[in-house]
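Labels A, B and C are assigned to the chains in the order they are written; within every chain, residues are numbered from 1.
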Amino acid sequence: MCGIVGLFLKDPSLEAALGRMLTDMLVTMSDRGPDSAGIAIYSKAAENRAKITIQSAHPDQDFAALEADFKTTFRQSLTLQRKNSHAVFEIPQNQIDEIRARMREAHPGIRVMSTGDNIEIYKDIGLPRSVAERFDVPLMQGTHGIGHTRMATESAVTTMGAHPFNTGPDQCLVHNGSLSNHNSLRRQLQREGVVIETENDTEVGAAYLTWKMQNGSSLGEALQSSLDDLDGFFTFVVGTKDGFGVLRDPIACKPAVMAETDQYVAFGSEYRALVNLPGIAGAHIWEPEPATVYFWTH
Amino acid sequence: MQIIDLDQTNLRQANAQLQSQSNGANQTEWQILNPKGAHAIAVGLDAPINVTVEGSTGYYCAGMNKQARLRINGSVGPGVAENMMSGTVIIEGDASQYAGATGHGGLLVIKGNASSRCGISMKGIDIVVHGNIGHMSAFMGQSGTMVVCGDAGEALGDSLYEAKLFVRGAVKSLGADCIEKEMRPEDLAEVQALLERAESTAKPSDFKRYGSARKLYNFDVDHAGDY
Amino acid sequence: MNKPPETAAAPRTEPIQSATFTPAVNAEIRRAAATGIYDIRGGGAKRAVPHFDDLLFLGASVSRYPLEGYRETCDTSVTLGTRYAQNPIKLDIPITIAGMSFGALSGPAKEALGRGATAAGTSTTTGDGGMTAEERGHSDKLVYQYLPSRYGMNPDDLRKADAIEMVVGQGAKPGGGGMLLGQKISDRVADMRNLPKGIDQRSACRHPDWTGPDDLEIKLIELREITQWKIPIYVKIGATRPYFDTTLAVKAGADVVVIDGMQGGTAATQDVFIEHVGLPTLACIRPAVKALQDLGMHRKVQLVVSGGIRNGADVAKAMALGADAVSIGTAALIALGDNDPKWEAEYQALGTTAGAYDDWHEGNDPAGITTQDPVLMARLDPIAAGRRLKNYLKVLTLEAQTIARACGKNNLRNLEPEDLCALTIEAAAMAGVPLAGTSWIPGAETPF
């Protein structure tokens, strides 16, 4: 049970303020989710470069070891932009798999939070305001982002249990609700070779979407088939490289409010999350219909 | 005019002021500023006072209202006027889900659209929606009247008891045991009266009536598939 | 003349009833085939499940010294709802009367519960149908249930209550609701609930205006605003995932968590629900307590346990496992006179026998308790029945004190899991106490 916020900017002049606006929306949703918080922000990496966001429980030593290893193994300098227990760095796009394999092999203490051309994910336990400040989210800029505050239902309160979940390049998912068949679905996906790390029902939802897309579905098609394959109550907000999407289950008990102006499309679990957005007084405010996929792209 | 600014006053103080008004209240005109989506605004009122809320609210605005007349110049979150006993609540904008849930009396008017489960489990409240209503509206509606000038979503009046439903627009689908019924002179009169009180100029003759088929009232094994 | 050996009576095989297709099971199959509808009854789970009888107290010995009865006090009082409310509820004994509706019970029965509870210094609880004037009048401390149906719900009664109990579910039917067919309601009850007379009752399984603990948090704030933050709000849960549910209830803002095991009774629901959904009461206490401890809220958010509490030993055991109080329903009704053998001839006429009668929804209760029939209702004298309840509550308290003193405690709340041992492996695992005579707690290596 949780709070979700999302902001998709149509007006580039707002990009510098994306992190600040998203943080403000996120903090308003703290009551819905005091356990942990996370944010995914999309901003373009340099040409032909991709980004990896990482996290470690021992960042000083693990990140230093990574930098040293990078020099010797890849003969490249690693520019780690450090943010508390997380860090983000850019690498050549064509070396993602190689680098990830090396990290898995030689740096098991480092968790990969996200990979993609544009995405960065920061998430941790604690109240939303302190999580956002820990990672300098208010200073971030970008084209779109989604955020999540968590009240854990049936799995533990841990860093990796926080949302958003990234299980594909530039793709992430946040969820409000409770899936009721996530255990069976997890086992099925694991048999298909999908790696799922936590007992969290949302991670199963994210893995399901990614698996569908790896097997040829578009994101819209994957969301559509999730209505058949996922059971329970859910409002999903998914982020992709170019945009974001919203889907509510057919029963649609979990809340969802959207606002649109010439400058942005915004999502909040409660209207309260949207009240400080520019031009909100004149915005078109509506609630997404159940069992309907909504999508916005740049 | 008594003004409560929620940027200056916290919710408890605001509600305490309004709740302490009684039948002989001198202060009958109240205005609430800067609601900014806050929850539980003006709940549990019990006095014949007029309250205007300037802006949009969160959940449960005017919950359990008795006697008070409220006008919200904005939209409202889930559960507006839930369990209302009497009085009037008018929403100039839209209402989220569960509008008027389990209401026992009074009149709830939504000038925009209402979302899903409008009038769920209604127990005597009257609800008039100028726009559309969402799915599962009037679920298990026991009594009271709902008038919808726009369209109704899926499963209207599922498991309905004796609540009366009037819809002018299209009904996406009817719920279990809900059927269309004929419009009688007393229905036209009732709809006319409610539309006037709801500040609507719609014509009663454009509406269709829906009510319980009463087949679920006493179990019949041959209808077991309906349950 | 001698018969030839082959025609003498040969030994027959012994008729053996199946343990799977028992006479009771076969009778139920025949009934289902005849009617086409599930069996509905009242009460809680009847089948044997691990329960408090499988636990024993370790009394004083050489290492532990007992307290003298009567002179060396053993305090039994408890305060419920200290977290947020201005006026928490102070009880003389840690045993409350659970929610049972007027409608399920007769007016005199509700009055008797109020009288007995008040005399014993504890609270009663309304049920699915609202607050009656008689009940508010006779109960010194009354908890008002806030249910999915919202029958009779109104702000005036909410403000007259001493506490609110937000009912998420109950032990007999966690997740339950649905079309409850065959439960007829009387005219008075139909009026109170604003339903047509003579119809089959239906129950909603979810609250109409909130779903999930994040929305529950907002709903609790609304209820507090309506009652000026004066009274505590309990959250009652049917035991299924007690660790998570307790955690979420606390995060949503509960003052008190009430967990009801599968032996907890109901007025009427499908038998298949009662017997096959839920957890034994014994299994839900330690996870709930652990959830409170993990949040640092044990004793700050109080835990009330119900479902099959029968004697002072059960009270003491529940408290030793970490509960702040217990709640009784079925036991209270039996103390009033429910299922008394003196009505045996009438039970037989109904096709049942004293102790087994559970078709309360049909309204024929010979004891006059679970009925609205005026002739039957008149058999219960609410004053005498109230006295019986008070006596019974007194005995529960004395028994619990006797045990606590024997364990060296001057306060029932100081009973702890280490005062217990288990007779079976199941009970040891569920209660988290060692098997008697050993130090082995099964499952302790994989803590919840």
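Quick note on the criterion: a contact is a pair of C-beta atoms (placed from the backbone, for glycine too) under 8 Å apart; a residue touches a chain by one contact, two chains touch by 3 or more.
Everything quoted here is computed from the prediction, not taken from an experiment.
Distance between Cα centroids is largest for the pairing of subunit A with C. Top contact pair of chains, counted by C-beta pairs, is B-C. Distance between subunit A and subunit C, defined via averaged C-alpha coordinates, is recorded as 44 Å. Here the CA centre of subunit B is 36 Å from the CA centre of subunit C. Of all residues in subunit C, those touching 2 or more other chains are 215, 218, listed in ascending order.
Residues of subunit B in contact with two or more other chains: 39, 58-59, 78. Of all residues in subunit A, those touching 2 or more other chains are 253, 255, listed in ascending order.
Within the complex formed with subunit A, the subunit C residues making contact are 206, 211-215, 217-218, 241, 244, 247-248, 251.
By the touch criterion given at the top, residues 252-253, 255, 257, 270-275, 285-287, 289-290 of subunit A touch subunit B in their complex.
In the complex of the two chains, the subunit B residues touching subunit C come out as 11-12, 15-16, 19, 39-40, 43-44, 46, 58-60, 63-64, 66, 78-79, 82-83, 85, 98, 101-102, 104, 117, 120-121, 123-124, 139-140, 142-143, 159, 161-162, 216-219, 221-222, 224, 227. By the touch criterion stated above, subunit C contacts subunit B in their complex at residues 35-37, 149-150, 153-155, 158, 179, 181-182, 194-196, 198-200, 202, 204, 208-210, 215, 218-219, 221-222, 225-229.
Listed in rising order, the residues of subunit A touching subunit C in the complex are 1-3, 31-35, 151-154, 176-178, 233, 253-255, 269.
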